[in-house]
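Multiple structures follow.
Next come two complexes, and both contain chain A; in the first it sits with chain B, in the second with chain C.
Let's turn to the complex of A and B:
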């Protein structure tokens, strides 16, 4: 007779582990399944971990977790072929407790986080793939794994199986994602001496910097490039909607090579040595793409539920919070011995009331808007670069003349109206 | 009931380990710790024999606390019990001191449940000596059967085992009394894909851990660094081979070029 748990969590990423941690802490008998050799072996992100949502689960985790650097500066580059307009904020308050966010390497961090869940009493089983949910009388009662005697039962199953969530798809919770609902991110970890990193990025020891790159990093395709400082490595990558790559017939690694060789980026990474190459899909469909997240005996969390704020490059925090909210719901359901959809649907309500639902709602049309109107990345960023160059190039022309030149560069009256309209539209989808 | 003990070791994965270029020693932090691959085959064989004849499989290791992970791996493979000896007193042991400490632990296990058969991997991938298995057999005064690549029969009632021992030009069939000790080759079996109940059992499993004080009749002078007469006078990496030539072009061109090179070197045929 196969064993029965209170709960099975499929996937030991931030969402699944957060859920298993909270459940185990509350005394729930939970099995955490991971397909990788260890948690984090198959997980990828650019590398920013947000302090607040992690602390909601483990207070003062930063005192022992394997983190890279607390981020004290965030730069945003609007990049053209040979120039860039950069906006940045650096604040030393981010360099002290309680911190704002950190760079992390997922292979290390996820392993640590899962160990914490095990310490709370969760049972972690790796190298095991959940191939489908076992459904009896219209409710999920367990999962089937790829191992011999691989069926395992539970009152409730949490699907934290990542962006493609085959299990949720099999249940009919979502269809195959469209190419404009997922981004493909490719990245490299580059080894570089600690002191060189600190010199190049104007940092002191135990300070970190993130750079988000818009415009020419993605050759005008909607997406962003990024360059983050770790302890003695840099994380560099590019993420673009799959639809953009298809439309422009560009291979993702070509884009990464392009960024690495870009004259605005090259000096940062010069002399570094690639030690790892990673690639992953990111769910960026936003609010409209959130699938069904609760059913009879089943909940969906993290990437599997499309919980990513692409505009603010937030995802792991939403994953953790969704895992925590799922755990709260399950604890309540367990007390009432009711794991029906109507009970578990409280999770969806909690999700929508939280910052996750609110933020995704705020930007519900943003990605789609910028996807539909490529001029923002293709035309307006180069225009901004030309205007800035014009204004600050001292060549004897008066500042009035310069302003006139910039104004002329914006194009005909019709084009200027279009620009104004586009800016209004952008404001509308972002506000 | 047949009681088989597999002796195992956690080792750094030498396939990917980096060497410290200055000291020529292994940078252990650069590679994950794994169950020594030969030992995995030892455990697999023990489990297969258990399935065939009935009985119990125990595993024994000596190592620092993280080596519990290697024991858990053995439980996944189907072992029933895990024992570990872990103590600073064991640290720095060479093969002589290691076989001594393991023998003392085996004697303690045998008091609780007599041992019929001990199976070790042929060697570890970090030490490559292949001395610990035979060392244990000598100390226990039982026959060591090295290079085993097939177990034909284990007969507890009549007290014998029949195995194939791998030789350079074939194999020999050996019949031995029980108890005895095998060291096994990798080709003895294929590691099975562990069933889920074993994975769950392993995730929960905590082995019995003994310190030097828990073992009986131990001569501390024979433990760890103190009990290790081996002296490593120098460690160096073998020089990288130089020269060589990579042939390019179609297969035919490559073969033609290769032939002409061989024919030029007349001394090969004189």
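Let's turn to the complex of A and C:
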């Protein structure tokens, strides 16, 4: 006899677990399916988890969750071959309650979070793949799993199955992603003594630093490198649009090696020991790529719904909030015993009204713009480095002469106009 | 010097619980042979799962990170991509 639940959530990442947690807390009978050996076994993240959206679900989670370091400094490096212009903000307010964000290791964090959902009453079943949605009369009524007699039924199914979201694709909610809608990130975890980390990154105990690296980290192609401090490891990685790797015929692990050995980066990681290598896709299509997120008996949350703000490296926070909003909608739908699309579509409206919809809308054309016009990364970052070097090198030339040299370095009048136009356009897609 | 420079060394750092059968299938080797001079999957796959062997594509699915790039990036939609059976495949321990 087939099992029947109020709700099945597919995928125990931040989106699915947030949804299951909220549902279970409200007394909804929820099954949380995970294909990995444990939650987090299939998940990869550079490592920044934002406090606010997690606390909307579990207040003061930071007192017990397995976190690495609260981030007190965020640096942004505009990197050239042998130089970098760095912008940074360090603030001690980020190092105390209520905190801004933390580095985490996802295999540990996701297990902890899923356990919290189980404490609330969710049923977690791992090592189980949901291979397809069961659709009857135009309505999702359950999922087919890869277990024997694996059909499971529910009033509503939440697809939190990650960036590949084969289930939403099966339902026709989105076509296959294009290579310019996903970024391929590779990353290594490097073991390094805690004290060495604190010395190198100018940190006290229980303080962390993140560095985002633009420009030569990706050899000029659109993407970023990153270097984050954990307790006694570093996370170093590089992500570029898959389309960029294809176009430039670059092996992602060789790009990672390039970043690790870059003279601006190498001193940070010298003497560390790689302990894990990871690769994952990040949905970076943005606003225009958000698929249909609500149907009859089904909702889509997190990466599966392309909810990532690549410009601000936010994703897991959007995942959690989308899971929470999906849960709110399901609780309402359950009260009214109506799981139709018109009812569940309230989730989409909540999503669009929230910071998620607003922020994705704000940057809706940014990725596409910077992909279409490679000069920002290829030319303007090196130019900025040359100008900075010129201005701060004391060589007897007057500052007026130096400004003239920098001005000449910008190229012909035509090229200067182009630069001005590009800056205007960049402002337009970012504002 | 830094260790784990090559992809083989990197893959040694990862735990896999490989299934006995592949979850990745190249549908038609002939398409790779005749229509795909770049064999681009052999370049962008982050685990070097795909290796061209003169007339056929060798698929080392045991080392797959399950990222999905090959399914999306194959210019001829010539790769059938599924998840490994529940509990199988890559097992990330940290990140």
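Basically, the second predicted complex is superposed on the first by the 431 of 431 C-alpha atoms of A that agree within 3 Å, B and C clash if a C-alpha of one lies under 4 Å from a C-alpha of the other, contacts with A are read in each partner's own complex, and residues count from 1 in each chain.
FYI, a contact is a pair of C-beta atoms (placed from the backbone, for glycine too) under 8 Å apart; a residue touches a chain by one contact, two chains touch by 3 or more.
Nothing here was measured: the structure is a model prediction, and the numbers come from that model.
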*Who does A:421 touch here: chain B (first), chain C (second), both, or neither?*
neither
*Report for A:145: first if it touches chain B alone, second if chain C alone, otherwise both or neither.*
both
*Classify the contacts of A:186 with the two partner chains as first (chain B alone), second (chain C alone), both, or neither.*
second
*Go through the superposed model and pick first if A:278 touches only chain B, second if only chain C, both, or neither.*
second
_Is A:252 touching anything from chain B or chain C once the two structures are fitted on A? First, second, both or neither._
second
_Between chain C and chain B, which one touches more residues of chain A when both complexes sit on the common chain A?_
C
*asked:* After the superposition on A, what does A:31 contact: first (chain B), second (chain C), both or neither?
replied: first
_Taking the superposition on A as described, I'd like to know which of chain B and chain C A:404 touches: first, second, both or neither._
neither
*Thinking of the overlay built on chain A, is A:81 touched by chain B (first), by chain C (second), by both, or by neither?*
neither
*asked:* Looking at A:3 after the superposition, I want to know if it touches chain B, chain C, both of them or none. Which is it: first, second, both, neither?
replied: first
*Between chain B and chain C, which residues of chain A are contacted by each of them?*
127-128, 145, 147
*Name, in rising order, each residue of chain A that touches chain C in their complex.*
35-37, 40-45, 47, 105-108, 126-129, 131, 145-147, 163-164, 166, 176-179, 182, 184, 186-189, 233, 235, 242, 245-246, 249-253, 257, 260-261, 269, 272-281
*Enumerate the contact residues on chain C facing chain A in the complex.*
2-5, 7, 10-11, 13-14, 17, 38, 40, 43-44, 46-48, 65-69, 71-73, 75, 77, 81-87, 89-95
_chain A-facing residues of chain B, complex_ = 193-197, 199-200, 203-204
*Of all residues in chain A, which touch chain B in the complex?*
2-3, 31, 123-125, 127-128, 145, 147-152
